[in-house]
Amino acid sequence: MAAHQQPDRPHATESAAAPTGLWLVGARGSVATTAVVGLLALRAGLVDPIGCVTERPPLTDIDLPAWDQLVIGGHDIVDTPPAKRAEQLAGAGVLPPALLGAVSDGLAEVEAQLRPGYHPASHAGAQRAAADRLAADITEFRARHGLRRVVVVNVASTEPPLPRLPEHADLAALEAALADPARTVLPASAVAAYAALRAGCPYVNFTPSTGIALPALASLAEQVGLPYAGSDGKTGETLLRSVLAPMFAERALRVRSWAGTNLLGGGDGATLADPGHASSKLESKARGLAALLGSDVRAPLHIDNVPDLGEVKTAWDHVSFEGFLGARMSLQLTWTGYDSALAAPLVLDLARLVAAAHAAGQRGPLGALAFFFKDPLGSTEHRFAEQVRALAAWACELGGRR
Amino acid sequence: MAAHQQPDRPHATESAAAPTGLWLVGARGSVATTAVVGLLALRAGLVDPIGCVTERPPLTDIDLPAWDQLVIGGHDIVDTPPAKRAEQLAGAGVLPPALLGAVSDGLAEVEAQLRPGYHPASHAGAQRAAADRLAADITEFRARHGLRRVVVVNVASTEPPLPRLPEHADLAALEAALADPARTVLPASAVAAYAALRAGCPYVNFTPSTGIALPALASLAEQVGLPYAGSDGKTGETLLRSVLAPMFAERALRVRSWAGTNLLGGGDGATLADPGHASSKLESKARGLAALLGSDVRAPLHIDNVPDLGEVKTAWDHVSFEGFLGARMSLQLTWTGYDSALAAPLVLDLARLVAAAHAAGQRGPLGALAFFFKDPLGSTEHRFAEQVRALAAWACELGGRR
Amino acid sequence: MAAHQQPDRPHATESAAAPTGLWLVGARGSVATTAVVGLLALRAGLVDPIGCVTERPPLTDIDLPAWDQLVIGGHDIVDTPPAKRAEQLAGAGVLPPALLGAVSDGLAEVEAQLRPGYHPASHAGAQRAAADRLAADITEFRARHGLRRVVVVNVASTEPPLPRLPEHADLAALEAALADPARTVLPASAVAAYAALRAGCPYVNFTPSTGIALPALASLAEQVGLPYAGSDGKTGETLLRSVLAPMFAERALRVRSWAGTNLLGGGDGATLADPGHASSKLESKARGLAALLGSDVRAPLHIDNVPDLGEVKTAWDHVSFEGFLGARMSLQLTWTGYDSALAAPLVLDLARLVAAAHAAGQRGPLGALAFFFKDPLGSTEHRFAEQVRALAAWACELGGRR
Amino acid sequence: MAAHQQPDRPHATESAAAPTGLWLVGARGSVATTAVVGLLALRAGLVDPIGCVTERPPLTDIDLPAWDQLVIGGHDIVDTPPAKRAEQLAGAGVLPPALLGAVSDGLAEVEAQLRPGYHPASHAGAQRAAADRLAADITEFRARHGLRRVVVVNVASTEPPLPRLPEHADLAALEAALADPARTVLPASAVAAYAALRAGCPYVNFTPSTGIALPALASLAEQVGLPYAGSDGKTGETLLRSVLAPMFAERALRVRSWAGTNLLGGGDGATLADPGHASSKLESKARGLAALLGSDVRAPLHIDNVPDLGEVKTAWDHVSFEGFLGARMSLQLTWTGYDSALAAPLVLDLARLVAAAHAAGQRGPLGALAFFFKDPLGSTEHRFAEQVRALAAWACELGGRR
């Protein structure tokens, strides 16, 4: 079910190096703010593009929107000014304090592009009306800035897992339910994904929330001919796992258990402190490990909210494995990172790459972008080295067509 | 300088699934004894081949000597009986005590095939005489057991690094020096490698000692048409590094320093306690890291002899890296393993694979086996995923020719 | 509420160096079996008393039962022979395999002293009848071996926490309820503690289960004049915490969070896999940390059952603290130990020390033994250094009275 | 050889709560600058005294100079302005950037009190002349500010170990050699200590350099009746060791090896990158561990300069120990801290406490301050809990005399 080429569409040979919108759902959060500050700094040539894989071969072979061709807009349900959020992130060690002055004008411009997001708790009426309003915000943004396309990226707070309903699998039934003021058939992330598609925008889900991952929305994307990617950015512990688990397999070593504990503060920590919200994340992580190691490996996993850690995430993994003649051995890992600093460059990369896929007329789930995700849409590949290879092949193909 | 095919040689299409010798230099050591006990147990069907990559696709596509087609012989300079060494290893947790009874007859048979090794300190006369005696031990072993071929594998104690002499680069000059009773132009490992080649045997250097890695010996191997592989089995910290360093690179993260400390006891610990001997190992490890990360990454590295750890090796690595906008992050690893349990299955794998290369008429350094080594001969590739791929391609090619 | 002297009782000046019973509740478990094998080996002079604090000054000043004056008996609800359990523990690395032969006769003798324990699920009738039977087992044991006293030590599986009932606070009401066949007013551990007191025996609760920690049982102990100690042996992570938390305090450093994850297999792992049972342990650990650090320190704590770890327990702690001018720093710990090897010598120590307290006429909770426990009875002191001091003072006082 | 009371001296009952100088040797370094910024912030009430043990009972019982009674001066051999050094420390995460504005006037005042230090490389003439000049700087400072006393604290770069000379043990011979322009009989730290004594000042050596630790200087201190303390502030790995090693001993567990690796950048990292300079530090750490564990414990120890870590110090310790029946277990620690943030409050504490000792007429080595040092002068006690107790007793005694 990989994204496929549409040879008949006119823009199939178009270059993506054109004015492009990046519409952030959750635009006032840590990941979004870090991405925005970073984009402004890259544009001003103040920093190196560390962490941006689109600045490395082979992705440099693809025609991509340049840093100064990316225009930011977005939705959020709080109204913290980006400049204030940036200051907090600088205090927490994520952003260099010295950058703040240089980007303050840019942040004010971004602020002017932000619109109120949708949340079921503060909305009266049918979900369809909310989606229409969200879509209108995006199309106006596109028109206002004369953009060739807008990529919508979900970086909003993680939602709890969703009970499956019949409407989720049937577009007509879903749209009927959306029109019914008495129903709340979709979580906010899926309302936003629906709005993106209806506004004609490619879509990326950087979170473990539902987003576009419902059969009805997949068929809508197919119908309107749009590409999309997800789910849940792979930035820390899971990245390590997708690198290390294949190593054990390639060396014929038998992993017996893989235990993990994640300590984090920040906004994401507070959200995940709620067991309901954490369970989406835990499920997304567990799916990855089972795909890598098989489901008989015992893999207890915890996420703890530890507010004093601020924006730092610390993950400890303990791997117990068996070697020749049953010898028992272990590997321990401690990863200490700024989650937002790991996520933000990937958000920029994804905006550029999905813009290129759209320019090339690709549609459906972009399995070649599995490299970026804990729970890849359009791919069952979790091994990092294979994901690197698939991404390179995809880039080669796209690049060759220029 | 990869191994190449010799289409004109008669055995080029021969199968390696034939009686094959595995001649261990250092045959009474931990790695050798673990390999021997494991082979006996595999042959008897008492254990699963955990850690043996030749029992996994795609290597299972190649015709290889079966476990019961491998016959063990070897050299050592001490006379500890293998059965006694095995008992010590069982006490130290490397071997399951319950296996010892089942393999005791097999160990006695192996014991009967072992011959005194060469050591400069206990030898009078020219090195050539020593080499001739070593070669004769091997050819007699081959004849005695009617073996199709014998693979010589160096698993002897690590030697100190070797000052380079002009004779090392010129076979004729080297052979003249070898004939001179007043010279000691080669370290013991290279005398053994020379003897292997003169006995017509493919050769593997599982240690960081010199072995075959001298231009004069490489040209001899070329001349007599034999394949070889090395150097220094990649089993723990370096394996992890070859997996993790590429991850940072693929994610465009900037590694700033990679510090390591290795604690080990056992025979290898005692040898490496001597700074002279340790420096070969440290150099071999450092070369790998520089190849992976570039030479400007600060990478202090220590090996400490901690006798009370017995056969357990504990390695701690601390990686400091920089992400988006200069955010400073870190990864720590603690690896706790039985070195010999990690090395032994690879020794068996290498014997089988090098036998197959020989059967296929390959000669020169087998760069496709870089997967197994810290300091690969015939390859400059240190990234694990690329090594996996190269090995698979080689296997495919060999397998296809059956 | 510390234990106090009874100057008027005739045995107040008696020496404890007399034939003494050690009655283990949970006598066929890992801790019990390790204690028994160790006692047999100590008695035979085969091992050093590593881990036994009664063999170190100042405790050597007290008159204690010698190793060969301790006679083992006990209750359990399974019938695994101690010799078989010992074999499993040797396979898992807890016991040296070489000892098993030397202790097999001793284990057979112990086996002959074991009696079926009480479990509510397999008992019909009033709990009082069960308690009477347990007490009779112990008094017969005492008589059969001509023992001066018997110390009962609970090392049975951890129970879930107990809902508090009014009967728990009133001995008469409790005894009435015990006599009622329709009630199950006490958990098994408390039935056993009641039986111990009724048999005239001092009692130790090495587990986090209820045991003697009910007001009604405390008043019974007081009434019959018996000493007791508990609860929950302090052997790993909590031991470290009781040492490290005071260090932060003494250095005026502000601990902000102290997160912990425990991975364990074995029988205890299986029991604690059940959240009900784990919660007693978690509560006992959390009480200790709050006492040390104050209750505003965030301290998430997990216990995971990881069967492949066997008898090894691995605990990871992450401490985040603040220093001068708010500097944020951290300490991580990984403790890897054999739980039973840590617990067993303390069980022997406790048997000896509580015997000495009994010989000296002490009664009530022995707060001076807080050194041994996560959740000390008769003491609110959790700081290890203060516990060391209190134990030494107690020993001095006892020793001085000889 | 503990400090003793001088009952006959008039100031024996004087209070230390008086204007007091703190003269820092190495006044422009990280530790000094952090101490100065912190003192200014404490004086302004901008921060809590985290890390200051003199603000905790029982030390609060002693009459000490208040924060605003401490006046800073010092020597250094570079001329980086404190304000610039403070900015670098803020960039590196040691100081909160927000404090800098508030302390800039204070830093400028301090800057005006700093004088060029002595270094053999840039001095011509006899060492005695250098010492006289250093002493004059201090006495002028004392007079200028009307200070009751000045405590001199060495926080300069670590020196290499010193070859022992006969003059070091004989004050008259030493002073003769000091007067000889052709000799360089003392290292810079000892010249500064000599100058301090000659200026009538109590002295603290916070570094592993020689300082006052020569018999001739000890006899001078005795003669002039001054107290002193040292050596080498105990802030990280050694602090942990002095807490944990006694735990193993108290539990009768047998430590087998204790390996350590320290990674650090900053000025101290650069100095210690030189093996000559590092060896003082390694010796001071090793002496402590041997005192705690006995000298047969294998304890390999490394200090690596890793410049990218900046002011962060990361230490990894691996402890291997043996329990009951020889069970092999381990503890690993990773300590990540800002060295200067750990050291600075102790420097302030020491200035206050040594001022109090001086006010009380104590002289000689203040063994009661072993709590603060890796290599305590006047004490052989390395166990943290015992050091806590000794300090408390000393405080009690001093406090009682008020």
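By written order: A, B, C and D. Residues from 1 in each chain.
What we mean here is this: a contact is a pair of C-beta atoms (placed from the backbone, for glycine too) under 8 Å apart; a residue touches a chain by one contact, two chains touch by 3 or more.
Values in this document were obtained by computation on a predicted structure and should not be read as measured data.
Peer 1: Out of curiosity, which chains are bumping into both subunit B and subunit D?
Peer 2: A, C
Peer 1: So using the touch definition from the top, which pair is joined by more C-beta contacts, A-D or A-B?
Peer 2: A-B
Peer 1: What whole-number Å value describes the gap between the mean CA coordinates of subunit A and subunit B?
Peer 2: Computed from C-alpha means, the inter-chain centre distance equals 44 Å.
Peer 1: Go ahead and note the Å separation of the Cα centroids belonging to subunit A and subunit C.
Peer 2: The answer is 51 Å.
Peer 1: Multi-chain contacts in subunit B: which residues touch at least two other chains?
Peer 2: Answer for subunit B, listing residues that touch two or more other chains: 93, 322, 328, 330, 332, 334.
Peer 1: Which residues of subunit C touch subunit A once you look at their complex with the stated criterion?
Peer 2: 256-257, 259, 261, 263, 298, 300, 302, 304-310, 314, 316, 318, 320, 322, 328, 330, 332, 334
Peer 1: Note which residues of subunit A are touching subunit D in the complex, please.
Peer 2: Result: residues 93, 97, 334 of subunit A touch subunit D.
Peer 1: Help me check something: in the complex, which residues belonging to subunit D touch subunit C?
Peer 2: Subunit D residues touching subunit C: 34, 37-38, 41, 47, 49-53, 55-56, 93-96, 99, 239-240, 243-244, 246-247, 250-254, 322-338, 341-342, 344-345, 384-385, 388.
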